[in-house]
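Both of the next two complexes hold chain A, though its partner changes from chain B to chain C.
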Partner chain A sequence: MSTQTQTETTTTSETGLARLRALWNDYLPYWFVAPMVLVMVLITFFPGAYDLYLSVIEEPTFDVFAAEFVGLSNYATAFGRGGALHSFIITVTVVVSALALESVLGFGLAALVAGVESERLQSFYRVLFIVPMAVAPVSLATIGRIMLNSEIGVIPYLIEATTPFAAPAFLSEIPLLTVVLLDTWNWTPFMFIIFYAGLSSVPDTLIEASKVDGAPLWRRYLHVIIPYMKPVVFVATLIRMIDLFRTFGVVYGLTQGGPGTATQLVSINIYEQMFINNSPGVAAAIAVVYLVFVVAIANIVIAKVGFEGVWD
Partner chain B sequence: MASITLDDVTKEFGDGGDAVVAVDDVSLDIEDGEFVVFVGPSGSGKSTLMRMVAGLETQTDGDVYIGDQIVNQLGPRARDIAMVFQNYALYPNMTVEENMSFGLKMSTELSADEIEATVTETAEMMGIESLLDNTPGELSGGQQQRVALGRAIVRDPNVFLMDEPLSNLDAKLRTTMRTEINRLQSDLGVTTLYVTHDQTEAMTMGDRLVVLNYGELQQVGTPLACFYRPANRFVAGFIGSPSMNFFEGEVADGTLVADGFEYDLSERMRANVGDRTAVTLGARPEDYTLSEAPTDNGFEVVVDVVEPMGSVSYVYVRSVAASHDETFVVEVDGQQPISEGEQLHAHAPATDVHLFDTQTGETIHQRELTDDAENALSQPLENATAGAD
Partner chain C sequence: MASENQSQSSVDTGSQRLDKDTRETLVGVARHGLLLAWSFVVLFPLYWLASMSLKPPGSANSLPPDWLFLPTVYNYIRLAQDGAFLAAFANSVVMVSASVVLVLLIGVPAAYVLSRYDIPMERDVLVWILSSRMLPPIAVVIPFFVIFRELNLFDSRIGMVFMYVSINLSLVVWVMKAFFDGIPETLEEAARVDGATRFQGFRKVVLPAAKPGIFSVAIISFIFAWIELLFGLVLTNFKAVPVTLFVYSFIGSRSIEWGMLAAASMAMILPVVVFLVAVNKYLAAGLSFGVVIKE
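Up next is the complex of A and B:
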């Protein structure tokens, strides 16, 4: 009723309102996504652009006109003095070996637990194996340091007590392997739980059909179960891979990238360039290269392996 | 090829107090080359029984023999069986050819060339040679079914096990495949166990039926024997479509008094009933006639629903004198004009009715048959394909 009276009396403001309403209706989907786009711009696009900007100037400043443009000199520093190439190699080593270990162990555990007859025992194992994933990175690193300590650590003690070998000094002699093993301990549960869910999705009759066909256990996995689970395996591995490239806390807490630069991941290198060497330009340059590198690898993997599985 | 023997086989699921008995002390001899159909309602244990023959379940008690060998300890791999699953269970990541050759690769020493030749030959027999390079996802339900059958046949096993293989197909295709499986089985002569809850499949396919309910063996016999000589009320009601009608009553002075009608028992019935009083009368829909004039031993009914099927009509009627409003079904000629609400006289001749002990469900009186029909009961259905549809 009130709108009707409004139409009759106030024609001018009504046309303005109508125009606004038309604007709202015509671009309705865009208005709905606008807040999200704004957030994305603020937290992803802007820092990314700012990072790129930092990597090509001498001293960080918001005043674009006052900034001293230095071209690729920060990049040259990063890969020269900055040891970026070394940390790339360290990172790739850690990613590849941890990913392989976590996938194999995660799948093995999932297959073992899925084969447990008793429901109660199965859910007990499920909870038990997920626990390490719930530990915060810094706590995990601290626990790791204590357990691996050659004076008071339980792991060196056990090795010396139960085997004829002398325990290695984990953090100084084999730091890279230690980092990989600690990450494996931390993140195998992630692979375990996803593979476990994937295994549960394989139809029983498919497994029974392969039993009747006479396939022994390992062939059943190789020819029937794993191919069926291919999308699950792929997604889990991809997520874990991208996540591994971002690893920082556990390794920094455990070794600070050391001894020397033996475990200096790219993420640690960036952090140290920024906050210890006070070279934001160099840190930004490494970050830019690293971003391109990781995005490229992820896309190559997706293109080569692909999401398509048996479910389409 | 081999015979199968089940000796006091029992299967319990769960343990202790809440164990569920899925198969209860079943003994059965299946001859070499025989086509045996396990039939029963859901939860009757028919699938479990077959899975124990397959080695996919281990029996709690009893022995399973394939041929002369006890196979209790052997896995499915060592039993030389092939199985067709309800949902076909084709390997989705393999082509039709790989699906069919997988079993041969896994369990025989054949060379790749020999395997390919065998697969091609079987594919031609099943009419799927043009599909060999497709994956199961690209096939229709009927084609998948053929591939699943082909995958079983190509193995040339001792025993075929088929677990409701037709229940995912549409009605028309089901009829075609039924005939085809019958033909294949008689051509190949491989001992076949076939599980179904569909009594049409049960009647038309098997040399013998094994009727199960609550894990217990109800009757083993030719389809016609189960139909005409049911061992108990359960078999009488389960075999035949629509089901037999049952009326619980009391016998006094040679007359069965049920709710809604009285039935004078014949000499032979009286002899069979003996001194029992709680007796159930069973008569198949096709044995009733509906007429306008009163009949001997008949009773007045009112027509509730008419279901015309074409050549016949199923008429659901209710006794006028009954204290309840339950209906029973009568099969009449499709051309007999009957309308809902009509009052008629229902009559089942004394030669055609069965009597059951109400307490135990056991059959105490069987219907009469012609001599030829009587002889046919013991004959397995030779050449079942001819009359399959």
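Up next is the complex of A and C:
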């Protein structure tokens, strides 16, 4: 009797297992995407919705119905004494100038390295030039604080020892430029390595053909090589732009938004509203505007340039 | 611009045409000059950091600089005895590695489906996935700060692992989709004919072929999580502190121990340099979200 039930249970569990296996294989694509969709919802819709909720209530509370609705007053505070507009301007300034500098430098370096005849030397430069990416922005900020310090920094010292000019006080007189320059040091390698790969993919025949025309070098780049590389240029710039809007560590480590609010990026402003001023409502209000702002810009860029050539 | 062209053509038709070799040499010299200049820009801060970490205490920041000094590993020994550093370093290694494993487990199968099946509104789905990277981390972290405190995930490694997954998932899906697109479907079809299930076809045929992609996207994900400061700053205070926060904590302390700070930064940077060099061949493919490999 007992043995019989045992065999019975094993057969049912076996068929159960087989059924599970069939379920697994028949619906494989669903199982495969489900965790990704879950995590994506958690990291896109949830924070957006929760920021929105926090931004229109008085005080964060878990009892949604007990929360006191305050309308747009947090937004008014954010753009009033919260200095949100100022930090948006600072952010856009940093993003635009760093993006321009890194693209131009990255492309120039890629073109220079691609033209090196010795293959060994070429790969030496290729490896050397990606190394700055290994430095965490916050580490770079600490290195910058030391090397650029007006009293003990080696860079002001070298400037004054080798040139007739007085070294600027990097962190107090030109903090924004210093931030841009440090980010450029850190992330030009990103543009460089993608552009370099893009350049290597331009067929030799195309380059030879353009040479026969006798066009000057810059025109060959402008009219033949860059158009060919358009998808690569587009994607590198788009992703770097998105990442520049995420900048936090280098500025927080270098100046913490100062002196005053001279380098107060939106990220820094939100952080300070949340954790120094203890006003989550104001922080969330700026966060909502920032979210919409960045997603809108990125989508406009995507729509304008299109994914043609990138995808097909 | 017209005058520029004119002068160009007059130069070309002139006697200089004979000196083509000279011109090429000049271009070569200029090229190598510029490349050396940038090499210096890249290397000088790193050299300075390394030398600071190897200088005896007291002379780390003396000016004029001690260009010649007797290197000492004193700072590294101090660092190796510093419990807070060791804990933060171990935390980062564990949390970042776990996040890489997890993000691969979640992202790679999803990328496979996006590559092989007809997905309705595929383009919009992919842009949605990319949009997770557009969201500034500070805007994402505020809700999680509130939620994590309620769920007892504040200052926990699990919470940090999840946040690290969130920054890399879009990257993994995009890059791996591009890699899978480059692997001919006939491979799996052949396996299916031989009686393999769909899952076996994925695991035994497609995955091995996608190994270089998985390897490079894993390393790039590792780097992006490794250098992240904000999540540690907001979501940890003691137990789950990552090494970036440890480095940051030097700033603002009254008597900064420059040598130790430099040694800690070196310890953070060196493994990543090794990784970057190891993955250097596929770096562009990975960083460009898979666009470059489609050639």
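Things worth noting here:
Please note the rule applied: the second predicted complex is superposed on the first by the 276 of 312 C-alpha atoms of A that agree within 3 Å, B and C clash if a C-alpha of one lies under 4 Å from a C-alpha of the other, contacts with A are read in each partner's own complex, and residues count from 1 in each chain.
By definition in this document, contacts are C-beta pairs under 8 Å (C-beta built on N, C-alpha and C of every residue); 3 or more make two chains touch, one makes a residue touch a chain.
Just so you know, these numbers come straight off a predicted model, no measurement behind them.
For the composite obtained by overlaying on chain A, chain B and chain C can both be accommodated side by side without a clash. Once the two complexes are overlaid on the shared chain, A:170 sits clear of chain B and of chain C alike. Shared-chain residue A:187: touches no atom of chain B or chain C.
Of the two partner chains placed by superposition, only chain B is touched by A:230; chain C is not.
Shared-chain residue A:44: touches chain C; no touch with chain B. Rounded in steps of 10, the angle chain B-chain A-chain C defined by Cα centres in the superposition reads 70°. In the superposed model, A:28 lies in contact with chain C only, and not with chain B.
Once chain A of one complex is fitted onto chain A of the other, the partner contacts of A:205 are limited to chain B, with no touch recorded for chain C. Taking chain A as the reference, the larger set of touched residues comes from C, when chain B and chain C are compared.
After overlaying the two complexes on the shared chain, residue contacts for A:216 are found with chain B and with chain C alike.
Of all Cα pairs linking chain B with chain C in the superposition, the shortest spans 5 Å.
Residues 214, 216, 310 of chain A contact both chain B in one complex and chain C in the other. Looking at the complex, you find that chain A touches chain B at residues 203, 205-206, 208-216, 219, 223-224, 227-228, 230, 310, 312.
Chain B contributes residues 54-56, 75-77, 81-83, 85-87, 89-94, 102-103, 106-107, 137, 151, 155, 161 to its touches with chain A in the complex.
Those residues of chain A that touch chain C in the shared complex are 21, 24-25, 28-29, 31-33, 35-37, 39-40, 42-44, 46-48, 50-51, 54, 60, 62, 108-109, 112-113, 115-116, 125-143, 145-147, 152, 154, 157, 161, 185, 190, 193-194, 196-198, 201, 214, 216, 231-232, 235-236, 239, 242-243, 245-246, 248-249, 252-253, 266-267, 270-271, 274-275, 280, 283-284, 287-288, 290-291, 294-295, 298-299, 302, 307, 310-311. Taken in their complex, chain C has these residues touching chain A: 5, 8, 12, 31-32, 34-35, 38-39, 41-43, 45-46, 48-49, 52, 61, 63-65, 105-107, 109-110, 112-114, 117, 123, 127-140, 142-147, 150, 165-166, 169, 173, 197-199, 202, 223, 226-230, 233-234, 244, 247-248, 250-251, 258, 261, 265, 268-269, 272-273, 275-277, 280, 283-285, 287-289, 291-292, 295.
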